[in-house]
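Below are two complexes that have chain A in common, paired first with chain B and then with chain C.
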Partner chain A sequence: MLYYFIRKLLAIIPMLLLISLIVFVAIQFSPIDPINYLASPDMTANSPNLQALRQLLGLNDPIYIRYIRWLGNVLHGDFGYSIVDGSSISKLIAMKLPATFEISLAALIISTIFGIGIGILSAIKQNTIIDYLGRIIGVIGISIPQFFFGIILIQFFSIKLGWLPVGGRIELGYRTWWDHVPNMILPSLALGVSMTAALLRYARNSMLDVMTKDYIKTARSKGIPEWKVYIKHAFRNALGPTLVILAFRLPILIGGSVMIEAVFSWPGIGAIILQGVSSSDYPVIMMTTMMIATAMLIASFLVDLIMALLDPRIRFDR
Partner chain B sequence: MGRGEIILDVRNLRTHFRVGSDDLSILRGVSFTARQGETLAIVGESGCGKSVTVHSVMRLLPKNGRLTGGQILFHDNGRTFELHKLEPFGKEMRSIRGRKIGMIFQDPMASLNPVYKVGDQVAENLLQHFKLTKHEAQRRIVEMFASLGIPEPERRILDYPHQFSGGMKQRVMIAIAMICNPDLLIADEPTTALDVTIQAQIMELMGKLKKEQNKAVILITHNMGLVAETADEVAVMYMGRIVERGLVERIFHNPSHPYTRALLRSVPVLDHGKTERLETIRGATPSPAECVTGCEFANRCDFMTPKCRSGIISAYEIENGHLVRCVLFEGAKELPNE
Partner chain C sequence: MAQQKIKKSSLALRSWKKLVRNKLAMLGVIVSTLMIFASIFANFITPYDPSKIDFTNMAKPPSWEHLMGTDKMGRDVFSQVLYGGRVSIYVSVVGAVLGSIIGMILGGLAGWFGGKIDLILVRTSEVFLTFPNMMLVLILVAFVGQGINNLIFIFFITGWMTPFRMVRNEFLSLREETYVEVCKAFGISNLSIIFRHILPNTTSPIMVATTINIANYILQEAALSFLGLGVPVTVPTWGNIMNAAKSIEVIRNYWWLWLFPGLVISVFVLAANFAGDGLRDVLDPRQ
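Entry: the complex of A and B
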């Protein structure tokens, strides 16, 4: 068991290196030339000066040297600086990440409870009114774009009913943590809706699949109550595949927040990504991409971990 | 020969299944009894309704299936339960299922829940029906495993199903079915998925339970060799009806329904000459959706007469306790209730 985890954990390292290499090389081949941001336009005409600057910054070095240099800095915790405003990327991320985590976590909790709950109920009550409602929620949640859902929420709850704030996050001047909960509700809901729908559909399908298994018949042949058949035998086996989908969707949650953060003017990572891309701020793009990739790898490690905990066949297989 | 007491009495059982917009008649009036210390074998081709019959008795039909007629009477120490009247997942039916009637399924690989230890899966049945301490339950399970020939039972109860071989898994299934000491054991093709050598061991084990503990056994199979070896009584099913029923030696010595005869002729026998061709039954089992008047087997039968196509075919008792549902035996005593 321990051996299994250590192996899975170690496997993350080469994956990260490979991803960093791909990201780095891809950026090098993009038409972005950092020198254009550093030098004033009149200097661009004077090419000897430009060459000297390139030499000075190490931009003329072969690509592998530059890669290793960059990697070394990153490993030392130096994520580089934005070429647009010169601010430290590590500081930028450290400042904005909590806000993104906040709504991502809330969206995760909402979608886990409602997605799995409604999905299981839908499967147990297959082809009844409850199931039809569940399936309608699933289809709507998948097909409506998140940002659009966000706009509808604002229109209804903030503008029409006036119950909740339109957007923004209270960063200063609040007394308790609860004070900024009202601001969180709508962005979390909007962010969680597609994940809820995905989990709902997946939980329903894997539950229905498990319900046809022979061991369900065995469980029933023991005369145990139906709720025990559902919870102990069916749900336990349907949970694994559902959690896999959940874990793999975690990074999508962070990526998906780009749109939602814009809609609700939520000061998170999304804003950094959006700004970085629109102004070709390549160190920022590189680091945020790396961040999402890392989240993805951690998620996949979590999947392995969950599966092993849930399924003895994996746990005992070295 | 004195026969055991009747434990299960099934009369004119009818079951329908909804498939799409059709309502198909799957069991068309099935009657049989299971007796203490005897094995009743229900044989027939795939799709003839063998499994549906025992699932109806257990009230474990899938959602689209339902009982539409007949009686299922279960006798237990002077009390009679009318299983056909009980709620399938109600308290009373559940107190019989697992406790009074144990069931073993076809595929032991798929019949055990992969995420729980086998000991816990056996204990679940025991603790559902008896108030026992965990320790006491464990002791009984270890005993049961030992009596079923599972080596190192103390250690093995802590293992997961994937750590068992097919034959051992089927023993665990038998342990689940037998742990509450039920009066009736239903085995739905218990050896179909196993190796031949393991098959023999499992059947021997079930024979021992029947003899030593005076259990009633219903064995579902399409293996005629198995029937000859283990059964006391045989019911041959075709298209949702029992076409012939009687004691095993009568069925093998005097097979009377054309379908039974054809079925027995299609079993390979070693001392047949190599040049002799194995006989097959021509045609295929019709779909239950086809509406047939008269005998369902008529289209494949070598003795078909115009009468076979008219109305309901009665059952006739051609010798004591030997029933055949065929117009060829019209001279014999008619059994109107079968």
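Entry: the complex of A and C
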């Protein structure tokens, strides 16, 4: 197990290096002067001699040295500065990340419970009304634009029924964490819909696949109660492939947050990226993306670990 | 030779018959085809110019004259939806087809030659897949700018990975087949074996992947233009029509401005997904 763990961990490092290299090269090729994002704005404004500052920052060095130095800065948490308003990118990310993390996690929980739950139920009750409903939810969920679903939710729950706020993260008079749960509900639902559908379709298929296996027949013929066959024998084996898809589809959640944050005026990473793209703030875009890619890699690493815990065959497979 | 041709057409015929029997898939094919034709022949269906501003008819709800109402500048929403379909469908179909072609070529090369080429291409595709697709698209928008052709370029740059992996995996298994050995023994060149003898075997999964990609690109174009980063606002596309619904005032008071285009997008994507799922069932021999 430890061997497996270390091997997986080591496999991430070249990916991270490659991603950082791409990010670095992309910023180099963008039409901006590197001095504007490497030095804080008051430093460039107060420096009488920009040429000397350039020398000091090492901008005249060969590109590979600059890359190594930049990577060192990034590892120390110095992500450079926004070229539009000069704010520190690490601070910007640290400030907005919790908001995105909040709705992504909520969406993940919603979609895992509903997606896997309905998918499994759909497979058990194959070709009944429950199954048809499940399949309809599954295909509509991947076909409806997320922002359109968000707008429908706003129109119905906020404007017509007046139950939930139309947007924003916290209302006035915010006191405890619970006070902002109402604001989270709609964005998380809208964000989770396509993930729910994807998981539902996959969980149904893999459950159906497992149900035809011989060990299910054996379990049944031993006289084990039907529900126990489903839960202990079928579900556990169907969960593996579904978890892989979960990890594989995590990017959908983060990508979707850009849109959902715009619809619900949610102040998260998506909003930063959007602003970055419309004002050509390349360092901001690239650094946020790099953070997200890193988070994705770590998440898939965690899923690998869970898979290995669930299925001993994976651990020993070299 | 003639024998072979008959056999080929009968296989296609059998697949076609299977597809016809799959009601949902057929529905998907019919609905999406109808919508494509409605967009192509938009000028015969609606008398209104989608970009004609009419200040006497501002923000009117749906009526017989204007089936989907008019927007805040008096433009007919129904004709905007029809003409918008042209651009949205064009962008996503061309993007998906180009992406599949690139994916097939790279997948063929990687699967056939293996070794370093394979390693580099697989790693690259992994890096592409690590970035959330929407982010990747946004980064590219920041670098190449907005526009119809730019969007097509972005779509095929971000959409080659799935076809690539499919073709590569297919090649890895087919490479060992006897008929490939025979081809080699006859001295047929590598490129000819790749493109004429192995690649045709991968057509069916690629067709499915392309259909599903078209559906995804329709959604992405809509999302990007909704955010104001897709096709320039002056060109009507499905996403650009929805762009109005960014303000809460439009959501509250002018439901026809977002409900109709949203439904049209959903129906088209739904139809494409049904068609794709149906194609998969028909073409996958394991089912």
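Just so we're on the same page, the second predicted complex is superposed on the first by the 280 of 318 C-alpha atoms of A that agree within 3 Å, B and C clash if a C-alpha of one lies under 4 Å from a C-alpha of the other, contacts with A are read in each partner's own complex, and residues count from 1 in each chain.
Here is the rule we use: a contact is a pair of C-beta atoms (placed from the backbone, for glycine too) under 8 Å apart; a residue touches a chain by one contact, two chains touch by 3 or more.
These numbers were taken from a predicted model, which means no experiment stands behind them.
Identify whether chain B and chain C fit side by side or clash on chain A in the overlaid structures.
By the criteria stated at the top, chain C and chain B fit after superposition, with no clash.
Could you look at A:Asn73 and tell me whether it touches chain B, chain C, both or neither (first, second, both, neither)?
After superposing on A, A:Asn73 lies clear of both chain B and chain C.
Classify the contacts of A:Ile273 with the two partner chains as first (chain B alone), second (chain C alone), both, or neither.
Second partner only, chain C.
Under the stated touch criterion, which partner chain does A:Ser87 make contact with: chain B (first), chain C (second), both, or neither?
After superposing on A, A:Ser87 lies clear of both chain B and chain C.
Figure out whether A:Thr128 sits in contact with chain B (first) or chain C (second), or with both, or with neither.
neither
Applying the document's definition of touching, compare chain B and chain C: which contacts more of chain A?
Partner touching more chain A residues in the overlay: C.
Between chain B (first) and chain C (second), which, if any, makes contact with A:Arg313: first, second, both or neither?
First partner only.
Touching A:Thr218, do we find chain B (first), chain C (second), both, or neither?
first
Given the touch rule stated above, what does A:Gln28 touch, chain B (first), chain C (second), both, or neither?
A:Gln28 contacts neither chain B nor chain C.
Please give the least Cα distance, whole angstrom, that chain B and chain C reach in the superposed model.
Nearest C-alpha pair, chain B versus chain C: 12 Å apart.
Show which residues of chain A lie in contact with chain B when the two form their complex.
126, 213-215, 217-226, 233, 236-237, 310-313, 316
For the complex, which residues does chain C have touching chain A?
123, 126-127, 129-135, 138-139, 141-143, 215, 219, 222-223, 226-229, 242, 245-246, 248, 251-252, 255, 258, 262, 265-266, 269-270, 273-274, 277
Given the complex with chain C, which residues does chain A contribute to the contact?
Contacts found on chain A: 15, 18-19, 22, 26, 29-30, 139-140, 142-148, 151-152, 154-155, 159, 166-167, 251-252, 254-256, 258-259, 262-263, 273-274, 276-278, 280, 282, 285-286, 289, 292-293, 296-297.
Spell out the residues on chain B that touch chain A in their complex, using ranges where they run on.
Per the touch definition, chain B meets chain A at residues 58, 60, 63, 89, 93-99, 102-103, 105-107, 110-115, 121, 124-125, 128-129, 160, 162-163, 173, 176-177.
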